[in-house]
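Next, two complexes with chain A in common: one pairs it with chain B, the other with chain C.
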Partner chain A sequence: MSLTRLLAVAKKEVLHILRDSRSLSIVIIMPVTLMLLFGYGVNLDLKGLPVYVYDQDGSQQSQDLLKRFQSNEYFHIVRVVDRYSSLTRALDDGDAKMGIVIPWNFSQRLSEGGPVEVQALVDATDDNTANVLIGYAQGVMQGYSSGIEIDWLRKHGQSIQPASVSVQTRTWYNENLDSSAFIIPGVLALVMSVIGAFLTSLTIAREWERGSMEQLISTPVTAMEIMLGKLMPYFVIGMFDVAVCAWIAIGWFHVPFRGSFLTLAGSSALFMVVVLALGFFVSVIAKSQLAASQIALLITFLPAFLLSGFLFAIEQMPVALQWITRIFPARYYVSLLKQIFLKGSPAAMLTADLLPLTAFALLLALVATRSFHKRLE
Partner chain B sequence: MRLRGERRAMVEQAISVSPNSVVIEDLTKRFGDFVAVDQINLRVRKGEVFGFLGPNGAGKSTTIRMLCGLLKPSAGRASVAGYDVSRDPEAVRQNIGYMSQKFSLYNDLTVMENLRLFAGLYSVPAKDLPGRMQWALNMANLKGQENLLTSTLPGGWKQRLALGCAVLHRPPIIFLDEPTSGVDPISRRQFWDLIHQMAQEGVTVFVTTHYMEEAEYCNRLALIFRGKIVALGTPTELKRDAMKGELLLVECQPLGGAVEALQSAPLVMDAAVFGNALHLVVADAPAAAPLVQTYLSERGIAVSRIEEIRPTLEDVFVSLTTSRNAAEARTT
Partner chain C sequence: MLGRLKQMLIKEFIQVLRDKRTRFILIGPPIIQMLVFGYAATFEIHNVSTVVLDQDHSQESRDLVSRFTSSPYFNVERQLTDSRQIRDLIDRGGATVGIEIDAGFAQKLRKSETAPVQVIVDATNSNTAFIASAYITQIALGFAQGYQTDRINRIAPQMAGQMPSVSLEQRPWYNPNLSSRWFFVPGVIGSLTTILVITLTSFAVVREREIGTLEQIMVTPIRPVEFILGKTLPFFLIGLFDVSLIALVGTLWFQVPFRGHIYVLFTGAVLFLICMLGVGLLISTVSSTQQQAMVTAFFFIMPAITFSGFGFPIATMPQWLQYFTYLSPLRYFLVVLRGTYLKGVGMEILWPQMAAMAGLGLSLLTIAILRFHKALD
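The block that comes next holds the complex of A and B.
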């Protein structure tokens, strides 16, 4: 290994990046854009969902029930309509996520002590939202019913307070149940996948396409020197972007950061090695920039997005898919990020993720080294 | 710079006693079923400008790439500067400069940055660096253009820069794969001046080309056709010995009809169009001339001029390749 040759390759690579506006914009603008996009644009919290009401009864009792819906932060009663068709129309048009129909005999049935049914029509195009809505709606109804029960008992001379159990919840790690705190740390994995795999996947393929590789490998520079020389600048850029993203997460979006920066840097460096090695390997085997960049995005960015627990919790995936996530290194890195940011776990408690990530880093570095030869065949 | 007569003979004699820079023995390269280079044997001496002449696809680039350690030979062996190309490619690379067929420096780097890159890749010692850079800039006639982006340079300048990058470390042997393709004639001439300048300093130059006039600038030539060496010698030797017969120049109208008619004519071994005339290969030129004239006029072709000429390299090349083609047609 010659330092002179290594630095010559690295310096050339830096010049390529500086002179290529596309690379430069990916390096600088992409991380900030992704952070803002996911920080502001993606919100998994369901609040103030639009509700239409068709109150056929129009009694004191029905108004009480609606007030309970109104005071719940998850619902927002947009309009009270006077015919059923307006309600279905609102659902069709997407103006309402839920329609509540209170029957004409609502108060009458209640005073008779008989059971009464309130209809809730839910837009279930998004099943997740629908499930949450139904849950919230049932909660509101239950609260209303038990209120009526207590009133009834009182009225009939029963002074005993019925025993009740309630849950006292305390949320840990993400106290405000803020979904951005859950999402934003994971954006770092996306950013690094793009920098590491996407950008580096172009570097070797570009040299093959332009024919400069032939000139390069006719010199005494070794395969290892070419690889390290090319990857070094991207490693530095990747780590710089991690710092920028972490700063935006903490300083701008106020995501709690309870871990140590050293653990963050160490985990990020490991993941950087993983994606750089993957990008380099893809670039070597693909030999065309287009194919290389497509493959690189497919095997790093997509899994980092979908199979890493970044947006969709791994525990809720089908078991088979849960197993598949294990072969994508992004999963371990996203898990590390969430623990470092939100829980502040020390390195010793992160071994379940650090070990597989280290194993991937070593394995892929080996594969990348083996894949590249100074031959034209 | 064309070496004439005596001077040329002296150079050739000096070279003939030099040690070998490149030794090729039964070198073969197969790609699947296709034999790109077929058991070639060659020796290139130190300080020689050795030309590798042949049409596209003849195996020129494949041979040069094997000699630079970029392709692994399928059979046979080759040594460059005393190092075996299969076993010790890195040692070979430290001792050679290579210019690939396609211009392959970095267009987004400046002249100076490209030079500095190759100085680094060849580990030119820091104390020699400024001197070497100046030397390369002078040689390539790029002084004052150091900070221009390579993409903005004209073709001929790019070639000179590529040569400068390839010889920064002063290698004893340089391999140039069609260095002047796509370059204007004046730049081409300047480039050959550079090649001879380096040869005079003792550098061995192994150069491929398909320009016949460039082949004349070489001390020795190998004609390669379909992976095989079909002739080897100095340009003078080739012109004298490699032709099987003598050459007649025929100016006539119409040319196309004449070529067709002469394919079946007796005495004529080969007929080819050169510019606005025909070159005929015959066994005995003075005897054949009147017969050819009669033969053509009988077929309504007016001959305005017919005379014996000395063959050029192009004649030699055409004659050798057509006789190969004919031989192959007979065997298959």
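The block that comes next holds the complex of A and C.
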């Protein structure tokens, strides 16, 4: 292998990238866009959800109950309606996420004693939002009910203090339950999948499609030099983008960074090798740019998005799918990212993820080289 | 004109269906992505790995722990003996929730003081942590209420029956089992169609330009309108085919109910496809190579999906960002999809979405055609 020839191929690739302004823009704008997109657009912290109320009773007691809902940050009572159908219509329209129906005999039943039921109609199309709403509505209701019970007992000459359990929850690693701290570190994996596999497979498939790869092969440059020379610029770009993303995450979105930059750089370099090898391999087996780009999306971007724990917890997937996630390298990298950013785990604790990632890097590099050699013969 | 258009359509269909790989792209990725999404995309939590440290060893503390053991949301894996174990397990990722009941818990309850429960949650996944915390609070409140009822029954059994109490009757509409799958599957139909139709349309035109066959077509008697129709109609039909295919997988495989009218869904699909064809054409007018088209398409598709409410509620985005969501045709189509699938609503509710898509679609298509004319001249 000659370094001069290797660098010549790399230089040619750099010129390709520089000449095509849009490819160049993807290199710089794409990471920034993805970071901003997920930083601002993906927020699972539900607050102030629109609630409609149908208070059939209109008494002091029902007003008290509604006030409790109003003072809770998760609910926002948008409108008080006087017909059941207005409530159902608001749910159908999506104007309300929850409708509270207080029965006409609410205060009467309370003074007579015995249980009263208040209805909560919840738009459960989005199960996550519905879950949160129901949980907090139950909490409000239990607080109210327990107050009523104590008052009643006191009135009847029994002074009983409420039994209360206070849950002191500490949420480690992400103290404010900030969804951006949870999501943003994983965006790095998306960015690198796009740069590494998607962009690489496209550029190289283009050479195959246009026939310029054959021209390149007929020169004294060896297969290994072509491969490394073509991939080197993308490696540098990928690492540059990691730095840009980390900078945005920490400087702009204030995601805590508790680990070391060295482990971040090391694991990112490993993942970069993985996606580059994958992208190269795809471009060799897929003959057209269309096919290459679709396959690259399917085996790198999609797993990085869905099967990596980036957004959806792997433990919550069906067991068979949990096994499948293990064959996609993105899973290990996302796990590394979250540990490095939020937990600040030392390298020794990361071996469970670093080892498989290293194995993938070696294996895929080998597969890519072999397939390229074969294609040339 | 019809004759020429027919020839053009035949040519396009041959071009798309001739290649084995392209044929695969039309059917393979949509089905794979639908299956992966259906299984992987979930915000539900079940069997969160939990460890318990009970230092009180009282009847009360055991009661509380058993409430966690019997909850489907938590999987109490170990009873610990030392509080350092909790830290260690959570640091290593061996457990997500640690519950610690200090000595004196029962005594405080009996004396009507507030009895504390310490909870530590690994919040690297803020969503799991958020929902788990809500369930923990719910369980603890339920325990406190049960304890109080027991006590009242003991002290004043004659009063217990008359005491007023309020409870919340929750009715999750549209999705009674609060299943994430029901939320995501209809949405996937929209997001997959977006990706497929935009890429195919923009690639089809740009490919002709890149290999130079566009000039050849232009010297034939074909008129630009016929050319555009010939280019877009096949993808319109393919889009409809894919919508039906994915919808079938959703209904037959994932058993997501379809409660509305087919014609409402297809009206929405037709309007939505017009928008997507417009976007695809528009991208083709600003790109001279397939790679550029792909990159531009990516820049459109990512925000269009993120800001559509596909996975993340629009209501939680910053206000300025919410205005942007009105520009994404997918936003409206998702309302139609979820409206017809889960809510079973018809045109009387969905007409604003249809109107918005019609407006967006016509403007996009007009701009695309005008630009296309210019590009040809």
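Throughout what follows, the second predicted complex is superposed on the first by the 370 of 377 C-alpha atoms of A that agree within 3 Å, B and C clash if a C-alpha of one lies under 4 Å from a C-alpha of the other, contacts with A are read in each partner's own complex, and residues count from 1 in each chain.
Methods note: a contact is a pair of C-beta atoms (placed from the backbone, for glycine too) under 8 Å apart; a residue touches a chain by one contact, two chains touch by 3 or more.
All of these numbers come straight from a predicted model, not from anything done at the bench.
Partners chain B and chain C, brought together by superposition on chain A, fit side by side with no clash.
Look at A:G251: by the touch rule set out above, it reaches neither chain B nor chain C.
Once chain A of one complex is fitted onto chain A of the other, the partner contacts of A:D92 are limited to chain C, with no touch recorded for chain B. When the shared chain is aligned, chain B comes close enough to touch A:R5, but chain C does not.
When the shared chain is aligned, chain B comes close enough to touch A:L216, but chain C does not.
In the superposed model, A:D20 makes contact with both chain B and chain C. Counted by residues of chain A touched, the larger count belongs to C, out of chain B and chain C.
When the shared chain is aligned, no partner comes close enough to touch A:P346: not chain B, not chain C.
Contacts of A:R375 after superposition on the shared chain: chain B is touched, whereas chain C is not. The superposed arrangement places chain B and chain C with a least CA-CA distance of 13 Å. Residues 20 of chain A lie at the contact with chain B in one complex and at the contact with chain C in the other. Interface of chain C with chain A (complex): residues 19, 21-22, 25, 29, 32-33, 36-37, 39-49, 64, 90-92, 96, 109, 112, 114-131, 133-138, 140-145, 147-148, 151-152, 155-156, 159, 161-176, 178-180, 182-183, 199, 203, 207, 287, 289-292, 294-296, 298-299, 302-303, 306-307, 311-313, 315-318, 321, 335, 338, 342-343, 345, 349. Of all residues in chain B, those touching chain A in their complex are 65, 68-72, 89-90, 93-94, 96, 98-100, 102-109, 113, 116-123, 162, 165. Remark: chain A residues 2, 4-5, 7-9, 11-12, 15-16, 19-20, 210-222, 374-377 touch chain B in the complex. Partner chain C is touched in their complex by these residues of chain A: 20, 22-23, 25-26, 29-30, 33-34, 37-38, 40-50, 65, 91-94, 109-132, 134-139, 141-142, 144-146, 148-149, 152-153, 156, 158, 160-175, 177-179, 181-182, 194, 198-199, 202-203, 206, 286-291, 293-294, 297-298, 302, 306-307, 309, 311-313, 315-318, 321, 338-339, 342-343, 345, 349.
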